[in-house]
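For reference, the structure discussed in these notes is given below.
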Amino acid sequence: MRVDGRQLDELRPVRIETDFIKHPEGSVLITIGDTKVICTASIEDRVPPFLRNQGKGWITAEYSMLPRATEQRNIRESSKGKVTGRTMEIQRLIGRALRSIVDLEKIGERTIWIDCDVIQADGGTRTASITGAFVALVLAVKKCMASGKIDKFPIKDYLAAVSVGIDQKLGEILDLNYIEDSSADVDMNVIMTGSGQFVELQGTGEEATFSRDQLNQLLELAQKGINELFIEQRAAIGEFADKIKVLPKKEL
Amino acid sequence: MRVDGRQLDELRPVRIETDFIKHPEGSVLITIGDTKVICTASIEDRVPPFLRNQGKGWITAEYSMLPRATEQRNIRESSKGKVTGRTMEIQRLIGRALRSIVDLEKIGERTIWIDCDVIQADGGTRTASITGAFVALVLAVKKCMASGKIDKFPIKDYLAAVSVGIDQKLGEILDLNYIEDSSADVDMNVIMTGSGQFVELQGTGEEATFSRDQLNQLLELAQKGINELFIEQRAAIGEFADKIKVLPKKEL
Amino acid sequence: MRVDGRQLDELRPVRIETDFIKHPEGSVLITIGDTKVICTASIEDRVPPFLRNQGKGWITAEYSMLPRATEQRNIRESSKGKVTGRTMEIQRLIGRALRSIVDLEKIGERTIWIDCDVIQADGGTRTASITGAFVALVLAVKKCMASGKIDKFPIKDYLAAVSVGIDQKLGEILDLNYIEDSSADVDMNVIMTGSGQFVELQGTGEEATFSRDQLNQLLELAQKGINELFIEQRAAIGEFADKIKVLPKKEL
Amino acid sequence: MRVDGRQLDELRPVRIETDFIKHPEGSVLITIGDTKVICTASIEDRVPPFLRNQGKGWITAEYSMLPRATEQRNIRESSKGKVTGRTMEIQRLIGRALRSIVDLEKIGERTIWIDCDVIQADGGTRTASITGAFVALVLAVKKCMASGKIDKFPIKDYLAAVSVGIDQKLGEILDLNYIEDSSADVDMNVIMTGSGQFVELQGTGEEATFSRDQLNQLLELAQKGINELFIEQRAAIGEFADKIKVLPKKEL
Amino acid sequence: MRVDGRQLDELRPVRIETDFIKHPEGSVLITIGDTKVICTASIEDRVPPFLRNQGKGWITAEYSMLPRATEQRNIRESSKGKVTGRTMEIQRLIGRALRSIVDLEKIGERTIWIDCDVIQADGGTRTASITGAFVALVLAVKKCMASGKIDKFPIKDYLAAVSVGIDQKLGEILDLNYIEDSSADVDMNVIMTGSGQFVELQGTGEEATFSRDQLNQLLELAQKGINELFIEQRAAIGEFADKIKVLPKKEL
Amino acid sequence: MRVDGRQLDELRPVRIETDFIKHPEGSVLITIGDTKVICTASIEDRVPPFLRNQGKGWITAEYSMLPRATEQRNIRESSKGKVTGRTMEIQRLIGRALRSIVDLEKIGERTIWIDCDVIQADGGTRTASITGAFVALVLAVKKCMASGKIDKFPIKDYLAAVSVGIDQKLGEILDLNYIEDSSADVDMNVIMTGSGQFVELQGTGEEATFSRDQLNQLLELAQKGINELFIEQRAAIGEFADKIKVLPKKEL
């Protein structure tokens, strides 16, 4: 039995609250179990220097945790004067993942800033960030299309992420909470599109390893979880849900 | 008429939601108009070096804004690698104010970390932070007393803060929102105790000045607003409300 | 009796030495008791980015202490790699105060850098900095007018600052030295114009509070001290003294 | 045909030169095609604070490039004053991978510092670093066993890493050089043990995605390449080669 | 003729004002022409970690310029967040030079902090700093001997520094001011003891070179200048002048 | 007898390997005894801001050590977030020295970046860096002349550097290794041109001093060593050796 009574292949309860913050072009509060992340998408009318005058846009992400999002208070990165390696890895991952399903030429010479701020953490903050950021991004695009800033719909596919892992006793499990994550032998983050393609796969055995068979079982679990996340995303996006590439029937 | 239809001496709607975040010893989401701040109080069982072995505790505060709490996205201070002067001023102010109404000897050799994270900003974030942080602090103390960590009630008085200012056309006004704050000639933050004493007074004429008479009128407005905030704080604190020094009748 | 034998409402001896340093457009060494600050005003022929092409200038200030200005040697902020919160607060205060009495359009698209370097500290360094910086500023303006850089006199009023405080035994006192400042219950910095208006008021009760009556008595003391500082400033400025808005008789 | 004439499943020439630098306990120069990395292993007789008094050791890695290891000169991270996100990701990966095949209790309360300094880069620097660092680590352990510092052999298995990717025209390819890496749709780094287990799997589609079938083909290629790297490592390690867990015949 | 009318081998007017600042154990204001440096010596009752428990002390120096010590305002190093290479070179030089004439065992496990703050610069700030710091150091030692902190006189010899250089038209010149320094082909700083030994010699041809003969002439000039500085130092030190190793007659 | 059996005036074995790294315009691995430095010269087609539009180029240098170039592992400067004073001194020295023998107008508005990365250290790393960097610079110039980027040969003279020092027992010695350097009373770095002129002279007595006679003997030793380094440089440069100002016979 899992620590919180879930089935091995069961997601925690998911809730995506849209327009949680008034200023950003797109914003959501995504809640997955006890993990809560505010995801916002902000439009800036210019691109970083390396992209200037190429007629295409950019998507970049930043990730942070409130100091007391966790059981023990963390020192703020602004107080330390630098961003940790973990934060950098996560924000690079979020940006890369979102860029994979956006036609950057259709957003024009603009930067979309994705901010993922974890206000309460209980495992899976990076996958929740990606899943929520996708919705915030779509909402921001919607606003830009309404105002005429963007005229061709640039979102190529759905995108969601989930963690899977191997517990020493229970075997492969879906959507690890903090306690499960701390004791898991193997931890894998899977990011997939609505059409069932992988965008990113990061599997790590910290002081442990995993076999090809185990990998296959983890990927099955991940696909199941991600399909359920797509349903939540569609509900949150509303009338725009069908503008995004319809998912092949076999997937849902 | 004020930009949002309020009377000159009218506060924006105030709401204090307790236990907003699960991990901290005390936490609230304080909403004042469109300004929303998560305030948490965390207990650490040691004091900074300069206080060691003196048998007393410490209260310190940190303040931050999410990048998109504001109309324009702000660069994160962690990305800049340093905290701005404005942030430093505010967090020093919050810490100082809370220390003034706590008997630091009664909390023992502990540090109470106050974190104020603005998730949506519309003026008055520092005064909302102080007003909310007071409640988070009381909740944390309550928890420590329940667990026996602290045995004597250390809160000496209520504490709340409000902004007042002088508008070129309207004259003295209470609780400025962002638009009012941007155009005000004079901006003053007033922090008071439940017994009607000043803890801190910061009045600034940016490219303007103010007379002794105007100061007196600003202080009257501030007292009115703060008395109303005390009522909200008492409601949020619940059964502990009367453990804190009863306010002299003339004040409420 | 005060620790240095002064009356409760007595300033320490004040001396303003002009042209103390040869390179800056304006410079003074201001001595108030044992507090000594070198204040310089430097003209730069451009404004910060946020002000470009608006036809007006800017005044900004920096403040620092020599490491051994104090009883204990302080670590240099350049060695720490960052400026402390206290320094930031003070330099923001100095800049804001000076901007309040200058017509920024009359100085054109220029920045006036005010540098206040404390070479010996005995309390009241921020108020001495403001009082001295005002004179350095006027001297720099004088030079710019002589060279034709500035053609309309931009100084709108006198400006000086003083500290007042409440001593547990003596009550309200004027111009606190370091020992008095360390033990005072309440510390207030008051910045006023020659016409008796407040520019900034910062009163703080560190682990203490103050009443409305005490506030009023502090303000009386401050007005007295500031009037005396104006006399020193006028003497230092020389022939330019009368170009600045004549002070209403009742004030002097 | 590949840009350098290789077969799709062909590694570039590999050379592992041991004892390249005289001071470190273990050091190699690993050359894979035109990629050259100096890998050293240094023993420090203490562990980081979070591990003290637990009777086990730690392995941590740092990674850097000489400024002109690349076609365009890179700004040194020491000049920038901070380490980039890419560097942090890589050094965290190297450390994690090596820890997975070492029995940390057998090295005692010591830290093994792995330094990977790329002196010439042509793609695959992180996988070359891991493959070379494994050898440097074994050499350092050898020295510690000779001197009696470590008495039980702590290496649990072989460890090597390789990159695989998907080229738009050629399909799946092994061991990408810089040109191939720049134009690949999908890039995957695979780290495996001598017993055929995965230690880490990082597959990324930058503005592209990949299917389950493609993943399987990439993993086949990676296994082939890694088996060849094990042969080079065994040769470099010399008499110690057989002290490490014998590889099951089916793998080689 | 030199730009300020001096002879080729003539020092600028030198003045050493002792006890310029009240808090430090030793302090001077040294004025050499238009160069003015506040030098202080502070005693700290502990040594840096690398010297602990060795029964000897340490001398370290810091150097800084006020932003407007120069013709153009310099950005403060505290604002930049780092110390420039030039500053580091100078402060390392000052510390090294002073350590050469002090018996570090006689000062016990103490650090003497030398702070040299240039308040007005006109060339030769590093040599003026050394010459002035020597006097501040002796004054601090005097105070420590009076209070019994130090019981054996630790100063082994006099120490002073001067710059010499080669002007394209005038040839070798002594004690360059800023204009001379800017146009000189060769610049050399010479630090010597009272007994005529070299402590440090730093000669640089920026986009120029110098011959052995020129070197010899520069060293003659330097010796002459330094002998004159010793006379000023002796006067400043007062009754302690003769406690320091008497200078051989031929030198003065 | 010297610790490694050399004569007092004997250089360690010198080897200059050209084109050690493939990407840079010029690169060498210089080995002097056990000191090994990779020196590269990179051409950038622009100059720093202070030189723009003046029709001349710039040469700047950076210096670093691999963490385990030394007996004890050093913390990387990128991890510390800042460059040490020692590194800054050395890189300023290298840049200055190379600029002295290059006609900067002949290289046009270009920056030549010199990178000296010590991969193994045994004393004399800064002098080896200069000696090697000179060759890398000539190789880069050669490439630029071949491609037509530079049309007039800009190298005015040879340049090499060596250390000399005074050992308490042996007296003056040439080319100190690490052990000798650590125990020497006096350490001097001498940089000379092929025509026998000094470019830079830095002699330091750390807690010691030296006389005029000793200085003269040190300079004789340095000249001997540098003449031998010129022979190695000529061999490394090949056909270009005679394009550089022929050395007067008396020198070799």
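When the chains are written out, they are named A, B, C, D, E and F in that same order, and each has its own residue count from 1.
Methods note: a residue touches a chain if its C-beta (ideal position, glycine included) is under 8 Å from a C-beta of that chain, and two chains touch if they have at least 3 such contacts.
Keep in mind that what you see is a predicted model, and the values were worked out from it rather than measured.
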| item | value |
| --- | --- |
| Both-way neighbours, i.e. chains that touch chain E and touch chain A | none |
| Chains in simultaneous contact with chain C and chain F | E |
| Chain C on chain D, rotation in degrees - Cα superposition, rounded to nearest 5 | 180 |
| Taking each chain's C-alpha mean as its centre, the one farthest from chain E | A |
| Gap in Å, rounded to a whole number, between the CA centres of chain D and chain B | 52 |
| Where chain B and chain C are represented by their mean Cα positions, the distance between them in whole Å | 29 |
| Chain centre separation in whole Å, for chain E relative to chain C (CA means) | 34 |
| Chain B: positions in contact with at least two other chains | 81-83 |
| Ring walk, chain B to chain C and onward | B, C, E, F, D, A |
| Chain E - residues contacting chain F, complex | 82-86, 88-89, 91-92, 96, 99-100, 104, 188, 193, 196-212, 215, 219 |
| Chain E residues within the chain C interface of the complex | 21-24, 27, 34, 38, 40, 42, 44, 62, 64, 66-71, 73, 76-83, 87, 113, 115, 117, 119-120 |
